[in-house]
Every structure is written in C-alpha cells, then in structure tokens.
Amino acid sequence: MPTKFQRWKERITATDIVMWFIGFALLVFIILGSILTLRAGRYTPVQWFDFVIYGLAQGSIYALVAMGYTLVYGVLRMINFAHSEVFMSGPFTAYYVAAYFYRSSLLESHPVICLIIVFIVSMTISTLIAFLLERIAYRPLRNAPRLIPLITAIGASFTLMYLFRGLYGTGFQAYPVWEIFSGKWALFKGLEIGKIQVFVIFAAALVMVALYLFIQRTRIGKAVRSVSEDKEAASLMGVDIDKTISVTFIIGGAAAGAAGVLYALVFKQVFFMMGFIPGIKAFTAAVLGGIGNIPGAMLGGLLLGLLESIGPALFLDGFNIAAPYQLKDAIAFLVLVLVLIFRPTGLLGERLAVKKA
Amino acid sequence: MEQIRAIWRYGIKVGIIGGIVLILTALIGMIEVFTQRQIIADVVSMGHALYLAAGLFICYLAAERTTPAKPLWIISNSMFAGLTTAFFLVLLIILGRHVNLRLMFINASDLLLNNLLTFGVQGNDGLRLLLIAGMGVGLFTGLFYLLPKFLRTVILWSLAGSAFAGVLQELIRPILANNFPDVISEWLLTSDGLTLKGALSIFIFIALIVISWSIKGGGIRQGWQGLPKKQQSTWRTIGTIILLAVILIAPWRLGLFMSEVMTIVGLYVLLGLGLNIVVGYAGLLDLGYVAFFAIGAYVTALITSPEIMNLNWSFWSAIPFAIFFGILAGVLLGVPVLKMRGDYLAIATMGFGEIIRLLVLSDALRPFLGGSQGIGQIAKPQVLGFVFKGPQEIYYLIVAGCMLVIFVSWRLKDSRIGRAWKAMREDEDVAQAMGINLVSNKLLAFGTGAGFAALSGVIFGSKIGSIYPHSFNIMVSINIVCLIIFGGIGSIPGVIVGAAALIGLPELLREFAEYRFLVYGIALVVMMLIRPEGLWPEEAHKRELHEDKTNEATG
Amino acid sequence: PPTDPLGVVTIKPGEPIHIAYWFVTAGSDSTLGIDTKRGVEIAIDDIKNNLLGHKIKFDGQDSGCNAEGGQAAATKLASDPTIVAAVGSNCSSEAKPGAPILWNAGIATVSPSNTAPYLTDPKRGPTYDGYLRTAHNDKVQGAVAADFAFKSLKVKKAATIHDGSVYAEQLANVFAETFKKNGGTIVAQEAVAPTDTDMKPVLTKIVTAKPEFIYYPIFVAAAGHITRQVKEVSGFEKVALMSADGAFSVDFYKAAGESAVGMYHSSPDFEAFGKVYEDFIQKHIKKYGEKTLAPFHAHAYDAANLIFKAIEKVAKQEKDGTLYIGRKALRDALYATKNMKGITGSINCNQYGDCADPRIAVYKTSPENVKTLVMPKKSFWKPY
Amino acid sequence: MALLEVKNINVYYGKIHALKDLSLNVDKGEIVTLIGANGAGKSTTLKTLSGILKPRSGSVQLEGDELTRYPAHQIVTRGMIHVPEGRRIFGRLTVQENLEMGAFTVKNEQLNRTNLTKVFDIFPRLKERRKQLGGTLSGGEQQMLAMGRAMMSNPKVLFLDEPSMGLAPVLVDSIFENVRQMHASGMTILLVEQNARIALQVASRGYVLQTGSIALADTAANLQTNEMVRKVYMGEA
Amino acid sequence: MDGLDIEIKEKTIHSVIGPNGAGKTTFFNCITGFYKPEAGEILLENHSLVGLMPDRIVRLGIARTYQNIRLFPDLTAIENVLVGMHAHLKSSYLGIILNTPFVKKEEQEAEAEANRLLKFVNLETKANMLSKHLPYGDQRRLEIARALATRPKLLCLDEPTAGMNSGETQAMCDFIQSLRDDLGITIMLIEHQMRVVMGISEIITVLDYGKKLAEGTPDEIKRNPKVIEAYLGQGSAAQAH
C-alpha cells in the first residue's frame, strides 16, 4: 500500500496549492484591510450607512442592466456586447423629451407625468434598438460557433455608439432636475437618505421583481425558459423560437431603458459612450451572480455596487494607500476573480451541467 | 396584382429601408463632412459619391431580390426603390423646413438639407430634382442589373477601384512621388482629388486587368496545377524569395507613413498570433490579453529608461526580462482561471487586464510605475551604432519578430501540443480523459501567448519612446480578438490578413476620425454575416461553416 | 526663390496653404479634439479663408489621445511635404512622441491644449524645437489656484482630486506643492476615473479628512458629477470648491446644475477680450448648431492666428502669387511672437515655446451664470 | 383519404442526400412503424414531418393541408407532435411545467385539464413526481414524460422516435404498454424503432427504410415473417 | 452510489447492467476520475485511483467511451486517434519548435500507429474525414479506436450498441470479443441489450439504486428473481435481445 504522504502527493497538484494560496492571500488582504480600517475608526456609522445606500443605488442600476445580459445569455449563450448601447440609446433619446418638458415648464407643473413619459420614451427606444439588433445582427447567426456572434455584437456596439454620436453629437447632455427627487429624508438620529436613491432602489426592485415573475409565471416566460434549455425541443412543443428570442431581447431592452433613465436621474449626464462602462460592470455583475440566472444577476449587481462603494474604504484605507478610490474597479474585479476561484460558475450559477458522460 | 405585390415587397420595402439608411447617413453628418473632399476634382466629392453609392446599392438590392426576375419587374422595382428612398429624403427636408431639427440632430444643418441633399438646387425645385434623381438612379441601376454578369463585375471592380484611389489619394501621392516620375502623379492627381482623365485611366486600367484575368485566369490556374511537383516547388521558392525581397525593400519604397502603418500592423500580428494560440488553438477566450502587452512594455521601460529605476540598460537586455515576466504573468493568471470555462473565463481575464491597467495608473504605485505620467525616454534598439529610430528601421525588427512568432506558431500547430490544445478546445473533459494534462497544457497556451504579447510590448515601448497606462485599455484586447476572428480563427495567415484589415485600414483612414469607427463596426457585423469563417480561414473551419450554412438553407 | 536650412514650401498660384491638425477626433476623448478643431475653423472663417491670396486647406489626423495615436498621426503629417505648419496635439501624451517626428520633418506645431510642463521644459532637448503651445503650462495655473486658496480664501487645509489624466494629475500636484510651500496642509489626495459617475463614496472619504477646500482640476463630465454630489454628502456645507480651465465651460454648468453656484475656477483672464470671446461663441453656435464642447477652442483659435501671423511675416510672395515659406524661418517667426492679441489674452512666446498669456484669473460662479448658461465675465481674484 | 400523406420528399444535409423520394401515409387510428439501419434516415423523416427540416421537394399533407410551408411551431398547432430521439425534456422545468409546455399551443383550459388527467391515467408515475425537476428523473420516467408532454398538445398524429433506446428491458416493456394504451385511447402513432420485433408487434403496418428511401412496405404481420426483415432487423439467423 | 464492491479479473469481459439511473455510468465516472467517491477505494493493480485526475488514470491504463458519443467533432478521425496517444508521446515544447530528429521520428511512428488502429476498426479509408461527418456506427468505432490509442489495460464501454439494430449489434459484439482475444484487454461493459450482455460477458454485475443487486455468470443472472423483477421483466424485450 502506498504511504499516506505519497497518496497526498499524487493528489494535491501545484495548481491547487497556488490557487489556495492566491485565494488565501486575497482573503487575508481583505480581512486585514478591513480590520485596520475599522480600528482606525475613520468613518462614522452614518457614513457606513451612506456607503451602503450609494452602493445599493448604483448596484440596482447594474442589476437592471445585468438582467438584459443574463436573459440573452440564457437563450442564445452569447455575450450581447451591444447591450450597453441599448442602455445608452433610450435615455440619450429621452433626454430631448425631458429637455422639451423643461423648456416648456411642463416639468414643473406635472413632474410625475413627465417622468412617466420620459420612461416610456426611453424604454421604447431601447426596446426598439434591442429588437432590431437581434433581427439584423444576431438572427442570421443562430447556428454559428460561439465567437462569431460575439464579434458581431462588438461590431454592433461600435456601430450604435457612433451612430448615436453622429446623430446627437459628441458632447454630453444634462438631464433636468426633478424637484421631487432632490433632498433627503431624515430617518432618525442624523441618519438621512437621499430621495433619489430611495426611488432608484425601489423602482429597480419593482422592475426586477416584475420581470422575474413574468419569466417564472407567464406562458411567454415559460417559453423563454424552455427555449433557453433546448431550442429544437421547444419548437416541437409549438414555441415560436424567433418570436421568443425577440421577446427576450425586448424584455432586456425595456429593462435597460428603465435603468438608463434611473441612471440619468441620479447622474444627470447622458452621452454616446455612457453605456460602455456600466455595460462592462453589468456584465461582470451577471457573471458574478452566475450568468443565465436572473436572481444571480440581481445579486451580482447589488454586490458589485456595494463593492465599488464600500470596497476601497473598507479594504484599502487601513493600509494608507494613496488614492484608494482609483482602485475601486480593481477591487471589484479582484473579488470577482476570488469568487470565481471558489465558485467557477458564479454565486448562484448551477455547475455548468458537467455534460453527462 | 402579383406585380403590385412584388413592387411592394421588393421595391418599396427596400426603398423604405434605404430611405432610413440614407437619412441616418445624412443626419450623422457623413455626407456633409465628406463633401469637403473631392474624389475627382471639381466633378464629384466624396460626400456625393457616398450619397450616390448608397442609392445605387439600395436599388441594386431591390433589383436583385426581385422574383421572378423579369426585366420589366426588375426595372420597375429598382425605380420604385429609388423613388421611395428619395421620397424619404424629401420628407426629411420638408420636416427640416418646419422644425428646428438641429435641437436634436446636430448635423441637420441648413446647408445639408437644402443644398447638399438636393445637389445644390434650392427650394421646391430641389425636391423635384431629388425625386427625379431617385428614379433616375433606379432606372440606371435596373438597366445595369440587366447587363451580363461579366460586364457588371468589370464595371463594379473598376468603379470601386477608382473610388478607392480617390479616397486614399493622400497615400498614393507620396508613393507615386517616391517611385515614379512626376508625370504620372500629375496625370492622376490634383492637389485635391483625382483628375478626370486620371480617374478614367484608372477605370480603364482596372477593367483591363479584370477582363484579362477572367479570360486567362482559369488557364493560368490550370497550367499551375498541370506543372510537375518539382517545378511547382521551384516556382514556389522563387515566389518566396520575391516576396521576401518585397518585404525587405517595402519601407523605403512606400515612405514614412506606410512604414509606420506596417509597423503598427506588425505589432498587432505579433499580438494576434499570441492570442491565436490561446483563443484559436486552445479555445480559451481571453479578454485581458492587453495585460501581457503592457507588462512587456513596462518592463522594457523600467529597465531601459533613466526615469524611475534609472538602470539605463540596453534594449536587447530588456527582451529576455520582458518575455520572462510576460510568461510569468501568463502562468500566474492561468492558474486561478484554470477551472473557469467559456464566458466566465472571458470576464475573469478581462478583469485581470483591467486590474493591471488600474495598478499601473494608480497613485499608489506611482513611485514604481510612473502613474498617469507614464515613463519616457525608453531606449531605442541599437546594433553596432545603427539606431532603430524611425518606423522604417523598426519595421525590420518587427518583421524579424513576426517571422519568429509565425515559425513557432506553425511548428506548434500540428504537433503533439497543438493537438492537445485543439482537443481541449473541442471538449475539455474528454481531452482530460485522453490523458491530456489540462493544467500544464492550458498554462503552456497562456504562457506562449503571453510571451508573444510581451515581445510585442517590448518593441512597442521602444518604438513609441514613452508609455502611458492609457495605451493599454480593454479596447486593445477586444481589437485583437476581433482581428483573429475576422481573419479566420486558428489560421496563421488569417491573423496577418485580419490585422491588415482591422488595424491597417483604419490606420490609413485616420483622417476620417469617428466615421472610421462606425465603418469598423459595420464591417465587423457585415463580415460575420456574410463570411463568418473569416478572410483566410483554416481549412477545417471553412468547410464546417459552409456546410452549416447550406444546412440552414435546406433545414 | 529663398532658401532655408530646413527646406522651403512652395505654394503655386491657386494652390492652398496646407495647415494640418492632429487632434483626438474619435473615441471617448473626441470632444476635446472636435472643440479645438472648430476653434481653428472659426479662425479660418474669420480671415475669410484667405491668407496672402491663398485659400487654406485644413485637414488632419485623429491622434486618439494616446501616445501611439499621436505617433501615428504625426508620422502621417510628417510624410506630407505640402504641410506648412500643424496645430496640435490635444493630449500631452500624444505630443511627447509626436512633436519630435514633426520637427524632424521641419514642421512646427502649435498645441492648443497640451499643458504638461515637460513639453516646454528647458531640458526638453532640441527635438522639441518646433513645438509651441497656447495652452497654459500646468505649473502656472496650479500655482495660481494654490495662492488663491491660501492667500485669498485663507484656507489651511485642502484636498485634491485628479482623474488619472496627465493634465489633471500634474495640476493637482503643482497645487499641492505650492499650497504646502505656502504653509497649508494637504489633507487628502484622491483620484477618480474620468468615466466614474458615482463620486459620493470618494467624497465621503474626503470629508473624513475635514478639508476646507477641494481642488479638482478635471474635465467637465467628472467635475460635474463631483460638484453635484458634493451637495448630497453631508459635511461639505462649508467647503469651498475649485476647478480649473478644463471644466470652465457652459457645459460644466449644464453638468453640475445649481450646485455649481459659488464655486471657483481658474482660467485665462478674459476681461480684456470679453467681447471677442462672446462673438466667437455666437459664430460657433451658428456654425455647428451647438455650444462649445470643451475648454480649449479659444486656445485653438489663437494657435491658428499665431500661425497665420507668422506665415504672413515670413512668406515670400512673387508677383504671380507664388508663395515661398521657409520652414526654419517660420519656426523662428512663431517663437518670436510677442504681444499678439488673442482671445485667451496677450500671446507672448518664450524661448521654449510657451506662448499662453501668463495672466490667470480666478472666477466665481453666480446663480445667474448657471441659470442663463453664461460664463462669468468679471474675474473674482487676480494674482497680479 | 389518409390522415397523413407524404409524397416524394427529398431532404439534404448540405451535400448529403438524406431522403430520396420518400413517400408514406398514415391512416387515422393506426400505429405505423418505420424501421431501418443506423443512418437510414428515420429520424430525418420525422424531423421533416414535424418541420424542423425543410424538404427540398415533395409534399406533406395532413388532412389535405400542405404542411411544408409552415415552420415547426405552427405544425404543432395543426396537430402533429414529435417526441424526439433522446427525449429532450426540459431539465430545469418541473414535471408539471414540462407538461404545461406540451400544452403550449392549446389555449382551451378545459381541454388541458382533461388531457392532463388522461396523461396521469396512462402515466401514474408522473403524477407522483409533478414537482420534481425534469432533469432528475430516471431514463424511463423521462421517456414517459416526453410522451405525456406530447399528448398534452392534443395531437392528431404522434411521432415517437426510438422510445426504447437506452432503456432497461423492464422499462421497454412498460413503455410499449403505454404506447398501446395511447393507441387504445384513439391516438394515431408513427413509430420509429430499432427494436423491430417489438415495434412490429404493436404496429399494424410498417415501412422499411434503406439509405433514405422506402425498401419495403407491408402490414406488420407480413413484415414479421419477411425473410430479409427477420434476418437484418430482428437478428434471426 | 452506495457501498459498492466490484472486482474485475484480468482479461475478462465484465458487464454491468441495471435499471436506468442505477448508477452504472456514475460508476464509470468514478473509475475514470470524473467524480470522486465520497468514501471508499478504487484500486488498479493495487494502485489507488481515488482522487486522481482523469489524465493520471488514463496513464495508469484505464480508457473509456461514452454513452453519448463524445468525439472531437472538428478534428479528423486520425487526429482523434493521435490525441488519444498524447500521453505516450514525449516530444517537448522546445523539441517541437526546433523539430529535432527525435520529434520527427516520434511523429512518424505515432502516425503509423494511428493508422494501424484505424485499420483495426475498419476506418482506414476515412482517416482524414472530420469525425462529426462520420456515420453513427463509425463514430462508435472511432471512439473505441481513440480509447485504444491510450494503450489501456482496462477498457470501459458505455452502451456501445445503443441505437443499433440487430445486425449492427452483432458486428459490435464480435468486435468487442476480438479486442479481448487479439489485444488482451480487459473489458467492462454497460449494456441494456440482453443479447449482447448474455452473449459475450463472462461475469455480470447488476446494480440497482447504486447498490450491487447480484453478480454472477449470465445464466445465474438470467434466473435470479431479484434481477428479473427489477430489471429484466417478464416481457418480450428481455428474451428478444
């Protein structure tokens, strides 16, 4: 019989050791940083609370955009790189409506109606773009190898970005202020919460829950799920694949359009490249949560938002690193890698069906 | 009745799409900007050429789609398409008269709407002219479509060639000046645009080539195949020697800028071949590839620059260090992502690329890496007092690098290791069950790719002299992925062709600024739709994709 | 025809004078390039596209706001012997590899927006001999801001934020150095990315250091986010805000909204030239259908005029209209420019190519400015 | 007139001519079986009938309605349903949801309920496992689910592709028992099987497919005694 | 799987049968290192296999085929076989780049052996076809050739005759027997077709719910009432095949 040590040596590979070492080092770094920061006591509890709220607001926007990625990934198994432009197109167009309302003082007299119209316009445009995108750029490639639609998506992303740049100009446009959202509500003991943050978190949560129920409960939702599992079998059940895929893009587009307006309400500026960074972040969020999985996208989005807002302060401040917020994306990606080391399919992702041998 | 349906289906519908496309083209300012440049001096500007070409294309589409293909139907459909397209533009112009479109569409200037779109005729006459022109273009296209296929090909090639010459006049000028007597340049070019006679001669020249090729081409090919093996290989050797000679003298014949473009393309060939091993052979989608490029460049900078570390070593001594650190980083990245698959891998590697860039940019590491101010005064390569200074010299360095890397790729491709990579690409589990050690083979792929990228980074750093974190953003990685797929995934010549098309052409068209990205995007989409296997695919891939396509047709 | 050590450009009758730009006209930083390009175009309109009886041919290359783009663009320009002079680049990282390439081909270039000190540093070396700029050296502007904060506002504790661009980082550093030399303390030095939108976390971090003054010399978009979000983070009620010319534009007011009221900007002293600038803006809106995009159009306008004046000075004209322009002569004439009236002040070039009017003033934004979207006309404070 | 009438269809995979001038018909209430070697084109035939593949020429008519012009999902609404090779149930949907997917084209709630009870009558195992995810069922149960799911669409004709493949002998028996029950409840069935003996036992007629065309067509009884069939497809010396 | 004990003798044909979901494929997966058993031991000639990576196990001499064919679809037939030989080739990275004489020789030998294997499975004429374009039966045999290329001592075949009709099944049986007789390889076989199982195996193990239900010679199994109840049934299917 082989000795214990030999057995052990045969089974633990160098890579396992390196992986555990990397994971462990990162964990230690994070924990140590957090302890140091907390010990320094630089931030008050109120400020930590603020971090959380900022993170959640940003995270809910990521989550909404991530839904689009995840849905499309579910049915087509492709990264819809152009989804970030779907996100951009709606609010960028709706700006002109909002600006008109502002100029004509309608915004002051009927803020809610104006807001609803802005939402509708934005969602319509985003939906339309998503729909056309699928029709023109992806549908003909249904059966192509995996990387080819990815390249088309990148191409479509460029095309849309520069198309909108050509139409509306290079500069950014600033959304008008909705007075109803400015200011804060006092909760208790100096704890305040911005109205706009509350609105964003709630609106995003509402949209997400609605979408989730739509996918889980309705007939079309079931069709979407069945198509994402097995297109041919779904069509044998009488499901119109093309239509279902279109529906998926439409839902994702609508969510992105809504996310875009929320984004514009918080950050005000819209311009042709506004989608690029949130797009990458949202996709990261989708992967973090486990791609193809709707609750995963929500969780991933919120977590990413929180990480960006809290991470630098919590993990890096204790080490007295210069300009830690410059590294917030690095932290987010590090945590992503860390999560994927231990859960290679994301937080809620199923083990990518180890194809039954 | 049938015919009316056909007109609606193939004429008006196509025209509507055309109308929308043309309106967008106008509103994004392309036509206006391009009218400022002449293709044929004082005859046709680039803007109008584009405008007309779009119209022609739409009518051609209408004609081509018409079924059944009866001449009369074809002509009527193509005319209807032209008319509909023009009608949409008329609507735009009328709208522009009543509403200030510029509040939203910044390029909807008065000049564009009431002058350029109507060929300089203002008022309602202009609108009428536009409609008539639409029909005219349609009629012309319809008639053109009815020509025999051979004639059509000849005309299309010749027209495209002349237009291309006009668009690239800035490039042609120095090349002509360098290599040919002045008369030719004067015959062909004015200070802005081709001369009319020049354009005509180009047209005729290309037409002659196309005609003679189509007559003789088949014969030549047959003759080639008929040659005995021995002779074929002699001819091949001669061809290779000529090719080498051309490659060697190219920078001095083509001038400074073309050399610059070729060096840039060469750098991307190096990068592309490296990523081709990771993505094309081993099937690992790596979106953070730029990190290794950055590492190569930064190691070179740190070692050779008097800034920061003040080592001042020579360029050559930087190469082994850079490659070593590149490979090391590749392996280090490889380990944590070993277990990830598909798009999880893509995002994790993308994250890695961004982490590297952010670290290099960060204030935290500024004392060691220079932060946003970058690192300057990177050494130029020198051999016995000869300094590789400008692009024309660095070119040779890059050619040498490319040859080396092509050679290595080519040897690996069909070897035991190359097969292991391919097997992993197809089915990781089964590959493992065939005795392939996934860990070492994946790391080998990552390491090889990273080494190539680091080599590219070394040359890049030295060529540019000063490096900044800005140069290493995620778009570089995306570009490289695009170019290897555009060229034909897994194929070595594909990478070269892809780099030439996706890096070289935009570089040549630098002056068209934003439109070049628009065109880039459209080109990616169109290419993937009509030729998904890429420009120069690997044999197996080509077969596969074409079969799937035919399946589509029947299935 | 005249001779010149670096060669002579001959322009025959009917041929245009070729002036080229190398700006970032595509990609995420393209507002900067388009803004400056338009500045030059308006300058050409203003001389009615007629210089010594010749038209001006103005075209150029996208330089991408990165070193390799700058190098490629400069190489392309350098290979065109008809180019008389160039305007550009936009980003300092482009100029570093690019300017020597142009000068190697005998082309002098005037940058409207490079601000990095090393480009006009005495140690820069002869390869940069053909390089000038109408933009302000960061050293000047950063110091003015520090003096203003310390001497006029009398703050002792300041924080800086930059965005990782060469421009902003340099300004923030110069500010910090001068401020410390004056006797103040820098309590926080932070950085964001130009694409960041949520600044509240970083602001919360800064607030824990209790600064009295924040200096964030970054560009419009990110500066707008910071200005707006400062109001949403508690603890900033009494903190003074200041930015630099990179965010001193109408667009910034759009981006920051009401929150911009009361903040400071350093910028060239417009007072003497207010009317000219107003006119410029009107022409811009008429021509391009929108307001200016970025802060350097005026510098570009001045850069163009600098070149026109120098050409007028050195060009030898024959009776039939043929022009001869000596390259070295043109470069010397550019460097010799003194007291030229520009929109950004009085242009005086020194021996290293710094031509911007050293007079930098500080402006304060009033509620009217934001409401009517006009820049403040009167300076708030001047160092001289 | 036959319920399902297939005339001279030709199907290609790229250059491969998979079905050559194939004709067959199925009458109402029949079980017809299609037997043949590997790669003979049995699955291809069913895929063509259910619209996943389009024939290059030829016609498929259900009660006189030309079906080749409809896409696959519309053919289901017209009353033909296909239980594909390898079952292809939706692994991440529950049994109940899988059955509901089967009824995707049926808008009549009443009808759905009666169909569901019918399915549960024939396959009581499914009723026990309603809440379970489809992917966790055993092979035999998955086959039952696939057949039950198909019944939910209220079809006029049911295509079964190798229902016994990979199943344990006990299950093979019970699956064919189910086929008989379905037939008894009035279903018309076109059955593709490798296991020719068993297929010919349940069927009334049969076709033998060889390299894409029909080599033999006869009643099941006659085929069972046919020399060639016995030798090649039933493994009797 | 639950407390399973199986011993396989050298140079036998050993079948594993059992109802669907009994854990037969899972058993194979454990042997070949795809899954790790939570407890217990797997020994090959006294060498413990538990926890080893699949590639190590292959090198120790166990090869397998899959229930649903899993070839490398875009590789040619011969390339598929060459991949199977990977573990026995020694050319190094540097050697390949320099194309040393050793590498050249090794490649030539490998190719020759691959061709021999293809010939053995009657595929020598289709060496250069992409494997996905091969007909079903050819794919099954190619998969076996690929497994043979790893030079196994023990070959695990998972339902090699699934979806074949009687004639084809018979050919496959003969082929399997020739593997054992000509090459001396021990064979482990999962099957549902009783004719194959009863016809060629020397020992049969019956699994049910991950447990061993019975073990013995075909005759013993055929008569075992527990097996009849759980697996064979009374019906025609059992007798037919």
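Labels A, B, C, D and E are assigned to the chains in the order they are written; within every chain, residues are numbered from 1.
Note that a residue touches a chain if its C-beta (ideal position, glycine included) is under 8 Å from a C-beta of that chain, and two chains touch if they have at least 3 such contacts.
Because the structure is a prediction, the values reported are computed rather than measured.
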Highest C-beta pair count, chain pair: A-B
Which chain lies the greatest distance away from chain D when centres are computed from Cα atoms alone? C
Could you please state the distance in Å, as a whole number, between where the Cα atoms of chain C are centred and where those of chain D are centred? 75
Roughly how far is chain B from chain C, going centre to centre by Cα mean, in whole Å? 33
Note: chain E residues in touch with at least two other chains are 34, 53, 66-68, 70
Could you list which residues of chain D touch at least two other chains? 52
Among the residues of chain A, pick out those that touch two or more other chains and give their numbers. 13, 169-170, 322-324, 326, 329, 354-355, 357
Within the complex, which stretch of chain D touches chain E? 35-39, 86, 138-140, 162, 164-174, 176, 194-198, 201, 231-235
The answer for chain B against chain E in the complex is residues 407-408, 411-412, 415-417, 419-420, 422-423, 426-427, 429-438, 444, 540-541, 543-544
Which of the residues in chain C come into contact with chain A in the complex? 28, 30-31, 34, 164, 189-193, 195, 197-198, 200-202, 204-205, 207-208, 220-221, 224-225, 228, 232-234, 251, 254-255, 257-258, 290-291, 293
Of all residues in chain A, those that touch chain C in their complex: 42-43, 46-47, 50-51, 54-55, 57-58, 169-174, 177, 184, 192, 194, 263, 266-269, 271, 273, 276-277, 308-310, 312-313, 317, 322-326, 328-329
In their complex, what parts of chain B are in touch with chain C? 37, 102, 106-109, 170, 173-174, 191-192, 255-257, 260-261, 264, 361-363, 371-374, 376, 390-391, 460, 463-471, 507, 510-511, 513-514, 516-517
